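Note that chain A is present in both complexes that follow, paired respectively with chain B and with chain C.
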Partner chain A sequence: MFTAQTFVGLSPEIVAFLFSMVVLMVGVFVPNARGLVAGIAAFGAVATFVTAAVLLLSGFGGEFLGNAYVVDAFALYFKLIVAFSAFFAILAAIRWSGRTGDSPEYLTLILSVAVGAMLLVSMRDLFGLFVAIELATIPSYALVAFDRSRRESPEGGMKYLLTGVMASSILLYGIVLIYGASGSANLADVAETFTGSLSPVALMGLVLLISGFAFKLSAAPFHFWTPDAYQGAPTSAAAFLSVAPKAATFAILLRVLLEGMPDAAPTWTAVMAFLAVLTMFVGNLFALRQRNVRRMLAYSSVAHSGYILGAFAALRGAGVDTAVQAVLIYMAAYAVMNLGAFFVIDLVGEDGKSFNGLFKSRPGVAVCMGIFMAALVGIPPLSGFWGKAWVIFAGVEAASAATYIVVGALVINSVLSVPYYFGIIRNMFFEDPVTGDEGPKGTGLVLFSVYALAVATVVFGFFLGPLSALAERSGLL
Partner chain B sequence: MPPQVQQFVDTLNAALPLEGYLVIGAIMFAIGAWGALIRRNAVVVFMCIELMINAVNLSLVAFADYLPDAGGFGVGYAVLVIAVAAAEVAVGLAIVLAVYRSRKTVNVDEVNLLKG
Partner chain C sequence: MITTITIFFPLLAAIVMGALPRTMDARAVRYTALGLAAVPLLLVLYIYLAHRGDLGAPTLTQDLDWIKSFGIGYRVGLDGLGFGMFFLSALLTLVAVVASWDVRENLKQYFAILFVAEVGMLGVFAAQDLILFYVFFEITLIPMYLLVGVWGDENRRPAAVKFFIYTFLGSTVMLAGFLALGILSGPNFSIEALAGGGLSRGAQVAIAAPILFGLLVKTPAVPLHSWLLDVYVSSPTSTNVVLSGILPKLGTYGLLKVALPLLPQGVEPYLPIIAALGVVNIIYGSFVAFMQPDLKALVAYSSIATLGFILLGAASGNALGINGAVLQQVTHGLYSALLFILVGVIAARTGTRNIRELGGLAASMPWAGALLTIGALAAMGMPGLAVFVSEFMTIMGGYVAFPIAGVLAALGIILSVMYLSYMVRRTVFGPIKRPEYEGVKDAGPVEMAATVPLAFLLVLLFFFPGLLVNVQRPAVELVLAAIGGS
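Up next, the complex of A and B:
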């Protein structure tokens, strides 16, 4: 039943959706409206962020649409991350999307992904979850394939599309089997079926569901689309897709597992521990071999998925509270540092050599990139350190053999990842610039984003208090 | 009517067991997955994936019909899934077309600029 409250609960999505339509229509009816549509889209992202922030600060909450859609602090928090990254992706897209004259469509697609991701984190109904995840994914295929001036872009889009659609069908099979086994698609009813011993249908549904999610999260062994998609995509799209839909998917996986199948925790924490360890090693070992910085960052995002999955392995016993906090903190930390690193690529170039001697030619950008790389390694007190620290705390508190293995793997992998992140820092500070460089690229907006995100990465530690307080009043604990 | 024929007609009129639909759905899904893995033409791969989605939809409709109180929203979910699959096809074929325009081929083995 619709009430006025339903619309209040859905207001961040409604705002983002209306702005995406306005951007599209202005693009159709106003000629040469590049600057105008970009301004409208950026304003739309800010408006969405403010709406979600107001809902969060006012303590608004509730269940809508027949218990299928829930607004709680947890969901609103992830909506903030999505709107935040959408804003910076739009800023970075302004320069690029003007070139081919399609900027309204491009910005509409970014906002559509944001709408899907924001709906996703609130879903408590498995089929609603499927529709929302597709709403976030289908525009992202188009985003990856958008740059017609590079042959890699449609290719990356096609590979992403074929694997993504296949993953969707596997995820859907899992959802259907869970629906069949429990007689309802609502997470509250599903929780009654997923108790101590699982029926074969329910177990198979769980396995397929987790496989589908692993695809979407680029967890090994389902990660192979990630480097191709991120290398082919326009940089702003790669930055956005590596943060917003991924954060939303982690959030909904957390909700499905904690609300839908808490009694089956021994089964799925074991699976998560296995996935986490495998994903960390695969991501880092492949990243070590890369010469293309964008491809390296794609593998690094695989590795970071592994670290976050490590928190999922600790979702049992005494570790639950800290593990939920770890996912919340890690996602925010990852958003600021990864967006920043991708935007620096937009400014400098994706070949490893283009970073040579950057400190001499553009010291500001070089220092920012150094900060992002150090944060991705996990050097204290930068943002990435706090994410990893919370995953380790959660693993120690859960105190099972599996979580100790995960914590050990996380530490080993942090060391493994040092060479490729610090390789870039070495190139920037100690190598000579390549002669014949075409000089500085990029506009003030991208530069502004890079500086803002670098500052956010450095001062992230000060936000830990509010963040963990927020985690405590999230609806999941 | 002889009793054997009567028995046969009764069997035909009886409701099929749920397992029948599920097994057919699983077989269709497996055929689709197999085809998606071995075929090289992107359009055929896409068709195989559509077969997988429709196999899942068959299981979904069967569950919705057999579950007590029709499992809530029931068949309505299947309509949602069909709509999502249609949206995927719309975007998917556009991307395959874009690849064909830039490469003059949609063979997934020959589209290999990105690797490593």
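Up next, the complex of A and C:
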């Protein structure tokens, strides 16, 4: 069952796992090795990225572990996103984790989440899927609760844990029902059950499965844990959790729906359209009320989940290819702009007021944050615009009433989101600095990450050609 | 290639401005900006001299694949339809740099942001691809928001936010229309390839609605205009130059370049509405302008009124009207920039913009008074200045298509004579209202340098409208061919 090929297929996960263990061991046996540990962790993320990239470029693919684990361009694409965001999360984490002296454990947890997320996108077996999701989620509870110096952190971790466990049980229940209905947990076999009119058991399984995923993706009405968890988590963890596990969960949801129940598309696209519209509005309307930038970004990530779910609503008829592409491009675009926006908090502060007058005191950081905010709104030619444009592409191509509603909601919500994103820009550019209150300064590495991600956000449009070609190749169909 | 260089040179200029040393004194910063702003203008003048005869279909094009699977490309090129505004964008950016005397803080950043806006403006008038058009269209948005929000007067923050949300709503709705249009016809987003409209009439009508909405918000057509006043009044003078001279034309140019030729049947049912909105702009703008005590607000509303002629001409669907509309875009930009600068000069000298408190400025400010009078005469559409030519063409064209609208638009000219002559009489002529006005200085060399060229061009284009009309006519004929008019 295990062949050399299997190890090649699992090599990104193996690399990340080995590095996470090395980081942990070096932390135990070498005292005061913060710099070394951070360097090893960052190098581990790069090595993982390179491994996945080599597999992708060499056209490697195949099914392993008795058809339960598949390596294809689609999975590798998301592994790249996970490794990419792990790298930046580690860079941004160095100063913070150094302060408490728990650096190795923290970085190990980040790499463990990355391993789980990367395994997840390759799963073709529902139980394997559940194991991988838990592998990605359990370390993330610890990440959220890691900052013992702030009361919000353990509180957020606790809330995240309780809701997360509930979500997992709902998901598992859904998986069991689907297994019961189809007699197999493999997506290929499941697809044969989900044809024609669905049996009550299968339908119930589908509903519970989607609800479980909605929890994990912080889609409304299952989003309520998100602001507390992101507010409590250390910044680098919040940034990482809002991108990597989310990208992987979207990817596996795409795989489950398209490979496991393509014939039931009319049913689940309708559900997705409903979830998408609701999530967009909930995320944006709640974000409008936030004064704390962390909470604001948490609700913003809810809203963006809604936009991406909008692409799921277009997964039928002529829209399928473009909708898959939309998810791929949106996640890449979202990774660069959202990581950057979170990292700025470490440079400036989490209170909206701490951004006042930033343009005068630190113009470079202000311009970067301005770029991230404008990108999150969807101003061209920044990265976020292309994600939204692709969702609209898909919606128009699918050409159903539901997708037109989704497109309309997306347009309205883009405008709705302007006040809170641009509230930050207004504070930075139009207000005068608050004197006397020196916020956190951050390290050179955080600053470097912010600049690098800002550049990536700006030039994203130039790489759309290759990226969309890659996305096309990665497409599931 | 030269088109691309012209569009993106200001981006380089913006980077240079941002990289200037902190210690550099204001004078040197201004001269550097001036030099950088002159380059695109010189390039445009070169293009005019070398290629003015062949600007029918887009020339000097560049066509690179961008997103192949959707037929989206980096397609730029110049045609007669956009050339006038392409020229004006370069010119008015230069004028704005000259007229930036009321910007004192963060000068480098001001110019850098202005240059980023110039990239968007130049790009819109050269884009030959719908997505690229939209990208350039939006690139202007954030710079304008920042220019007003950082350097405007005390009311700047709400004004900037209102401006942004309003126009972003319009353009996002427009984008949905663009994407639907491009995808349903191919997918293909090349403006040239889409000309003539291949879609069914019903689809065209449905797609035209969001696109027209977005363009009319940008213009603005009257019920959608409420963002305009605050932002115009709060802007620094040099931002006004660009804001009134170029930005409204993104909307009207979109009408002429995208809506009419790409959706000829779709736009058709809306044409009477657009013509009616044009007339409403003219009449409503004039009446409201009459009631403004603030000089800047008066000019802003007069600008709304004059934009109405462009809408009327564009809606006429005949050669005369569309040629007039294309020309009016340029002449409106020239005179509104002129008036806004002079209002800025007067306000800076006297300390007030209230018309009732001004008077008799001709005595102490003969040059500024004379130039203000010229600007006002231009805004009235008096013979001798280029606005006459373009307004006359739009009215005639409009009359042929919509007789009642044409007559009402002509009446609008009478209204504009009333409020503009009132404005000139109360500010420039009459008794000197306050003793302190006797000693105020006239427009200095810098102010003259910013305004005299605009006045000169207004006169020049009256006597030789062919300088621009001959360039634009072949392109207008292509539009007419696409819409099947005469």
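Here is the rule we use: the second predicted complex is superposed on the first by the 474 of 477 C-alpha atoms of A that agree within 3 Å, B and C clash if a C-alpha of one lies under 4 Å from a C-alpha of the other, contacts with A are read in each partner's own complex, and residues count from 1 in each chain.
The rule we apply is simple: a contact is a pair of C-beta atoms (placed from the backbone, for glycine too) under 8 Å apart; a residue touches a chain by one contact, two chains touch by 3 or more.
None of the values given here were measured: they were computed from a predicted structure.
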Touched partner set for A:Leu258, first chain B, second chain C, both or neither: neither
Chain B versus chain C as contact partner of A:Val406, first or second or both or neither: neither
Touching partner for A:Ile138 - first (chain B), second (chain C), both, neither: first
Residue contacts on chain A - larger count, chain B or chain C: B
Touching partner for A:Val176 - first (chain B), second (chain C), both, neither: first
Touched partner set for A:Phe127, first chain B, second chain C, both or neither: first
Partner chain(s) touched by A:Ala389 [first = chain B, second = chain C, both, neither]: second
Common ground on chain A, meaning residues reached by chain C in one complex and by chain B in the other: none
Interface residues, chain A side, partner chain B - complex: 127, 130-131, 134, 138-139, 141-142, 145, 148, 151-152, 154-159, 161-162, 165-166, 168-170, 172-173, 176-177, 179-180, 183-186, 227-228, 231-232, 289-290, 292, 295
Interface residues, chain A side, partner chain C - complex: 359-360, 363, 370, 374, 377-381, 389, 392-393, 396-397, 407-408, 411, 414-415, 418-419, 422, 425-426, 429-430, 461, 464-465, 468-469, 472
Chain C residues touching chain A - in the complex, by the definition given at the top: 65-70, 106, 109, 131, 134-135, 138-139, 141-142, 145-146, 149-150, 156-157, 160-161, 164-165, 168-169, 172-173, 175-176, 179-180, 183-184, 187
In the complex with chain A, residue positions of chain B that touch it: 22, 29, 32-33, 36, 42, 45-46, 49, 52-53, 55-56, 59-60, 63, 67-68, 71-73, 77, 80-81, 84, 87-88, 91-92, 94-96, 98-99, 101-103, 108, 111, 113-116
